[in-house]
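Presented sequentially are two complexes of chain A, the first with chain B as partner and the second with chain C.
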Partner chain A sequence: MNQGDALPTLADKPVIERVATRPVEETYRSPAEWVRKNLFPSPFNSFLTVAFGLFVLLTVRGLLNFVFSEERGWDAVRTNLRLIFTHAYPEEQYVRVWVCVGVMVALAGLSLGLFAARGDGVPLRKISNALVAAAVAVAVGVVLREPSVLIGADGEVVRTDDAVVRQSFADAMSDRWGWWLTAAVLAVIALGLRRVPALGDGSLRTIQAFNLAAIALALPVLSAWIYPWGHYAFAEGEFIAEPGRTVAISTKLPWTVMWVLAVASLLVGRWVRSRIGEQSLSRLRIAVNLVWLAVPFVLYWVVLRDPDLDWARITQVDVPLALAFGVAGGIVLWWLTSDGIGELGRIAALALLGLAAFNWLAAFMGWYPMLQKVRISFLLLAVVALLAHNFSGETQKRRRLLAAWLAIMAVFHYFATIMNTPSTVETPTEALIGGFAVTLVVAVFTLMLSFPLGVLLALARTSRLPIFRVMATSYIEVVRGVPLITILIFFVVILPLFLPANMEISLFASATLGYTLFSAAYLAENVRGGLQSIRRGQYEASDAVGLSTSLRTTFVILPQALRASIPPLVGQVIATFKETSLLAIIGVFDILRMANSVIPAQTQFLGIKREGLLFVSLVYWVFAYTLSKWSQRLERRLGVGER
Partner chain B sequence: MSDERGAGETASLGTLGARPPFYRDATVVKWLSQVVGLVLVLLGLFFLASQAQNNLEERDIATGYDFLGTALGSDLGSGIDTNPDTSGRALWAGMVNTIRLAIAGIALATILGVLVGVGRLSRNWIVSRTSSVFVETLRNIPLLVQIILIFVVIASLPRVTTDQGPIHGWLHVSNTGVSIPRVTIGDGFYQWIIFVIAGAALGRWAMRRQERRHDLTGQQTYPWLSFAGVVLAFAAVGWFAHPALGWVGAIFDAIASGIDALTPPIVQVVISLLAIAAAVQWIRRFLASHRTPAGLTKLIDDDWFRIIFAGAGAVLVILFVTLGWPGLSSWVINSGRDLFEVIADKFGDGRTGSPIAAYRPDIEQLGNFPNYGPAGLNLIQALAAVYFGVVLYTAAFIAEVVRGGILAVPKGQSEAAQALGLRRTTMLRRVILPQAFRVILPPLGNQYLNLTKNTSLAIAIGYSDVVQVGQTVYNQTGKTLEVVSIWMLFYLACSLTISVVVNFFNVRMRIVER
Partner chain C sequence: MWGSDSDSRDAKQGRDGKGKHDVSISDATVAVSDELAARDDMIVCREVDKWFGDFQALSGISATIKEQEIVVVLGPSGSGKSTWIRCINRLEVHQSGQIIVDGIELSNDLRNIEKIRSEVGMVFQQFNLFPHLTVMDNITLAPIWVRRKSRSEAEEQALALLERVGIPEQAQKFPGQLSGGQQQRVAIARALAMEPRVMLFDEPTSALDPEMIKEVLDVMEELARTGMTMMVVTHEMGFAREVADRIIFMEDGEIVEVGTPEHFFTEPEEERTKLFLSQVL
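Right after this comes the complex of A and B.
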């Protein structure tokens, strides 16, 4: 080849990069060679292969026998699907749950469209191989599973002295024609994929990961239109299973809408991304991230709870209060950021902090009454005032601070009002939601609340302020030294003792508080790892350009430290998600409690536990496994430790 | 807010221009903000404590640890004492159950985890695939779900029959749990163990000698083999000769009476002196680390804080021992005496039986249904569920730790070993594993901590560990605060013990740097 032609021009660059990152095609080996090299390289390894092969076959056989046994009560799971996921949320209000799911799905699709890069696509060959493997697995499974038991005319299993009667092997194999057909269809699709012609640049030989995911998600949605999943109703204080009606009646349409929503929002995200410039794209991304932060609160307190707003009180008290704080605080902040205020500004901010602290002291001593949100507003004002000197000078900066303050007040007063309004949704149990929904809600709130706390603790632990360091260290070490269950019991059983007599706290709130304080200690250790990876030069450089401690921490140290600690932080997310199963012990009706206590107590499904527990394991596994795979990809992409 | 420059720099800046007002002085702001923060935290705690006191008085609940001495109205499922006289005894039995569970769990989880971790790196396709599936399945399902699932699966197994399997007489599995052979301390164990200790001391000396010879001459001298030979010889002789050591008990009796002769003030003085010595030692080391050839470096206020903190710690210990809890010293005397008396009891007095006893599981039929007899080691349903749940879950994490540790050894190390002509086994033993072990140890210690804490999930299926017993106790006595404090102290002590042990090995394994 001519040397000159091989030199890449600027226009070729993306192609070259793509070629370079694509893995080198493995040299082809015959199956016999592969087996010899990977299964029987030495006598000892041959023994291992045989032993492990037998072990795997027996395990798979046992699992298949259990799952497909005629005596299994899988009806208990599929009839109770709605119970498992949302507990007793009233059926006539169920559209609210679908709205929540829809908002999350649409946001996820939009974020994917805006953030994710188009990959190289998945080679059809790889999909074809996976399909062949699936077909082989189905066929092997059909042969492995023991023959079915015979069912008599009365619908009961036929028994002779303690043992069940089974079909002959040949009957069993021919009875499972549906499974044989499945395997055959899979194999045919796989072989068909290999025949797809390579067009020009080979674009047809791969399929975009997004399209693959869309097809994969379409399959379960389609199944709801075909397969009769179960259904339950809540009548006279008891859950009644209705095997005739299936949950598919009420879910196939919503799930189809969700699928369309996901695909549409993804396409919209991509379209927007291709149309707008770099700067507006990054602004849009920030906006989407902020929406993500607000969404859990809005969905839980507004959509699911449907607060019964008292408009008279809102117009007379809440709105004027928010306006007053917005305007008065804005004037104070405008004054604090004006030129030449100097020392006076700091003293004024400190005085505000003192006033805020005094309000709490007065509340404890009972000197004068005050709305709780007024006290918090004062505290917020003091905190913003303390940071105000960073924004003094240019009018644009001052305007931004003012806008931020107004936004803080609007958001805070809105949520304070919403949270203090009683719900209109009536559920037969004390809690609004249960099942997997409560697992997700507790996990999400725990993470959102413990993240800032964890970062603060990590900063305190690594700071040069010894008293703060000692306090943070002892808190972290004590919390990490004791099991979560003791902390949860502490918050659920003992916390009411520590509260003022007229104050009550719900089980949900105290459990979330316990999880938050527990999780914060672990998060702090992860963030500390990131903080310690920051080189000294970063601190010295920020000192050299004259940044104050707060500016240095916010704009130089933390961004780098958090980036470095993303992989362990995702690990912490997975851990928190798994730990939510402990809610069952302290009496919350979460997904584990559904499977372990609620379903086995239904008259139709008395004592059926194993099936439900297996299903719960599967749900947890799917979520945790997906997250951990994603975090591994993230780790590779960030290249932590390779820089 | 607070600028973090040292006091020295601020002073030198001050000489350049006018001194800033006191509320802008870095050192003042730094300490003032900390003191204010501390006061706020203390005020908050004080407020919560006073609320708790009010609430407790309103509900007529007295605080204090008197309930530990009162009777507990219920039995425990299993443990050293299934029918405890007092709540304190019940909690102690629960602690022993937790500790047993933790130690046995750590042992099995380590073995299984190392096997799976090495298996994941195996060149054998089916071995590595099976190990991956094991790890990815177990660590992505919450432990609590696994424990409850195992519990439910055991409950659905067949009932005990007189010809129980899978291996009759060795391994019995049924809905009551699992029964396996039991190996316990026999009659003359303590007399025999003295022989073994003496053998170990002598064996160590022999090993050192062989090592020196190897270093001097280059001959292959098998030092570990000589160590094992000496220990085994002593153990074999001791197996038959141990009754001759019955007199050792008198030594421990003498120590016990010696401790009993101490008076509380003496113990208080000794503990105080120890605290002072520890503080002085710490401060001296700290100062030594700040000494340079040019003299002591300038101490900033943070360094002074550390020194004062160490001194204050010693003073606090002294105050606690003398004023805070004067009963502590007599408690130390009493338990020290009791400990040595218990040890002394293990010797003499016709202890002539074999040191180690082993029993095979049996099945006995007392009523209508056969059940496991007392000979074997019976893991009842709840215990088996917690044990296997915790072991499998932790093994999955240990496997990942081991895999990471082995992968962390640079490839050049094994290539260099091959270039030197080392055999594969020698390379693993002498080059790869020692380096991998250094990486593995800290996260392994973390997993041991997690395992110990995770045994607390036994509460979900009613195995009487310390948390479950504690729940029974506070349900009956209403002393939630006290029980939770006992839990926390117990688990903190466990964590501390494991950290100390792991740290000991960590320091020993560390690369010696100049």
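Right after this comes the complex of A and C.
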């Protein structure tokens, strides 16, 4: 994979070091001064500040009253946490889910260690300010929230004629001593942090972002050992939804393991980074990126599904087929890259493409039966053959192409075999997973598939060849003119009718296909924006050094275009992530459907819907916000807009 | 590495007096009628016309540039200098006439264009480095993927070239971290890495701060001494006077006057040339 060397992936670009001109700590302004300058600079602005302040306070009060009301059935959420996140994955196999989480956590930690630059660190003063703000917020919240209703000796709410009776304000305030204590503890920690810099030699003034994150993540994990946040929802493979059976008994340990795993892999990543040279580091980074690409497939099809492999078939059909394609394709590619093959090579590659296209046509016409794998292998071979001329000449390059081909065949045939093998995991519904897991899986597969498609569409739309341009433009305009839900329903309900009799497509796959085609059209428009931002000089310079159109696109134009379009691309990623909630409408048990239909239908929690919906919104928001923050970091790192 | 073999250097050093080449521009055109061009003709243009829509940017350009010759093209802004130089490596397409580079005629045949582009290096006014690649990757990209060199070989060559242009220590930096003069020297190294037979320069110092102009001109001068064939559009009269073998003066898409620097700066014949010189000198 020589390509990877010359074309660093987005994430492994070394950070451009800039001379620090900004002072480490801003000049200190007293809070009173800040308030006067920013909130009450003029009578009119003072009026606005007061008006909006009142509005915000009233909104917060309403929210607090809602969340802490005695009528709230938060047990519905606490009991169903597992259902909300993974649906009814069998209890005795649940460790598979944890393996998935663990693999991703470890990989994330490792990547952070290998990629992320050690920043300046977070000033303790900033943390202290945040803690003070939190303490104030808690105190304000305690005062704002209306007094609780009185509960009589019989456990019933005390009522007069038609209204509930509430505590007196003073009683309410003293009843909430726990919250006051929380605010006080936060304030004490904040003041303590303020004193730290004064003690040391100044090295204590900041804390590394990694350490801060580790501490921040440790707190909720630790809290699970003290307070049972969640309750058990399953026992002996049966849904019980019984308040009081705590799930924290089973999740506090795994989450602790996850925390340790995250920190350990981060440290390993950093240690490795400090030990190896620049060149092997960039190789390692490419390897980690490739692992990231493979992980969703491995986790979903191998770990979660636990395929029931049929060894007889594998040794008699699958392995020989893969070997045959590997060897025969290898020979073809070796020949295609030999010296002086010239035009003949192009013709041969095009002939292969024609053969592949014919195979697909035959599949749709039902002319002759053939394993789907064979058709796809032919197509892959044709594509690689078309690119082969870039690797001709030197033996080393030809060997690399050959190795890449064998790797492609191995990976493809492995996954094709796994996917065709039935699962051994049995769940109450047809789908393997549901809830938030399905949201993630659909979003991740959609993005992985729609990114390449979107880039190709964008290139086609800006191509000089009218046929490509017209096709891409019509596709994009058609898809953008149709609501997503229509496309999804089309793919789920109507597409199966169009497929030949021997082809079947699962609900999951057809939904992902619909999302992919939809998202690709939007991604294409974003990438096109990036392509248009590239100055003509870049094309001319590439031409002047003799790069062909495909080399120019791969190494010069696309890397810059993608970088320039990171903000809208991330916007599209977030949109796709949120749009997966439409899965609920086409019959998939996703996180929204859990909150909206499944939980309110449980006998114990009949009709309790609002709590679940609020919680689900919170989960969506946390993810979307994290993504957005991460993209801002990425932008800064790659220096978007400061070329 | 880039034409620095001793023969060519000797040949160059042998002629200290300028004006070894004939002043006339049409003799080569007349001399070879059955061949495409004479053997030591590097660039031959015959009656080249170029229109942008209705606007004729080049009209009847005929000129021959010999191997190892340094030709400076002068002329007021908008006179078609860039257009001409860009036609020579097909960044612009001329509509009529012939352009022959190293015996290969520019036509719509894609292979000819590829061949000529790998024979001709070009340096732009705006440098046009690839901002997302390090200096090293900027230089090695084309040698690796077009010349099919191995990475180590290409990097070795790139380091030698950076040494040559005086910035070997900047190899791992990004273009945005370099000064304008350094960027332009990287651009020269990038062009040289393809081992071209001709180098085209389109106002290589016009975008530079005054204190950086010299470092770029020095590199170009050194390149001229090694026997590279060069065609340079510039407003640096000092460079034209010192380094050029011939000067071509253009105006309104036409070649107005051709001559040695000596002839050109001391006894120009055409009125338009005199006017131009009175404005710039």
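Definition applied: the second predicted complex is superposed on the first by the 589 of 643 C-alpha atoms of A that agree within 3 Å, B and C clash if a C-alpha of one lies under 4 Å from a C-alpha of the other, contacts with A are read in each partner's own complex, and residues count from 1 in each chain.
Everything that follows uses one rule, which is that a contact is a pair of C-beta atoms (placed from the backbone, for glycine too) under 8 Å apart; a residue touches a chain by one contact, two chains touch by 3 or more.
Keep in mind that what you see is a predicted model, and the values were worked out from it rather than measured.
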| item | value |
| --- | --- |
| Chain B versus chain C as contact partner of A:578, first or second or both or neither | first |
| Superposed model, chain A: greater residue contact from chain B or chain C | B |
| Partner chain(s) touched by A:473 [first = chain B, second = chain C, both, neither] | neither |
| Touching partner for A:38 - first (chain B), second (chain C), both, neither | first |
| First (chain B), second (chain C), both or neither touched by A:148 | neither |
| Which of chain B and chain C A:486 touches, first, second, both or neither | first |
| Touched partner set for A:537, first chain B, second chain C, both or neither | second |
| First, second, both or neither for A:551, with chain B first and chain C second | second |
| Partner chain(s) touched by A:464 [first = chain B, second = chain C, both, neither] | first |
| Common interface residues of chain A - those touching chain B in one complex and chain C in the other | 548 |
| Chain C to chain A touching residues, read off their complex | 89-91, 114, 117-118, 120-122, 124, 126, 128-133, 137, 140-142, 144-146, 148, 150-151, 174, 176-177, 187, 190-191, 193-194 |
| Footprint of chain A on chain B - complex, ascending | 1-4, 21, 23-24, 30, 33-35, 37-38, 40-41, 47-49, 51-52, 54-56, 58, 122-127, 130, 136-137, 140-146, 148-149, 152-153, 156, 302, 305-306, 309, 449, 453-454, 456-457, 459-460, 467, 471, 474, 480-481, 484, 487-488, 491-492, 495-496 |
| Residue ranges of chain A in contact with chain B within the complex | 38-39, 41, 45, 48-49, 52-53, 55-56, 343, 347, 357, 364, 386, 464-468, 470-471, 478, 480-486, 489-490, 493-494, 496-501, 548-550, 574, 578-582, 584-585, 592, 596, 609-610, 613-614, 616-617, 620-621, 624-625, 628 |
| Interface residues, chain A side, partner chain C - complex | 2, 5-6, 13, 16, 390, 392-394, 396-397, 537-538, 540-548, 551, 555-556, 559-560, 563, 639, 642-643 |
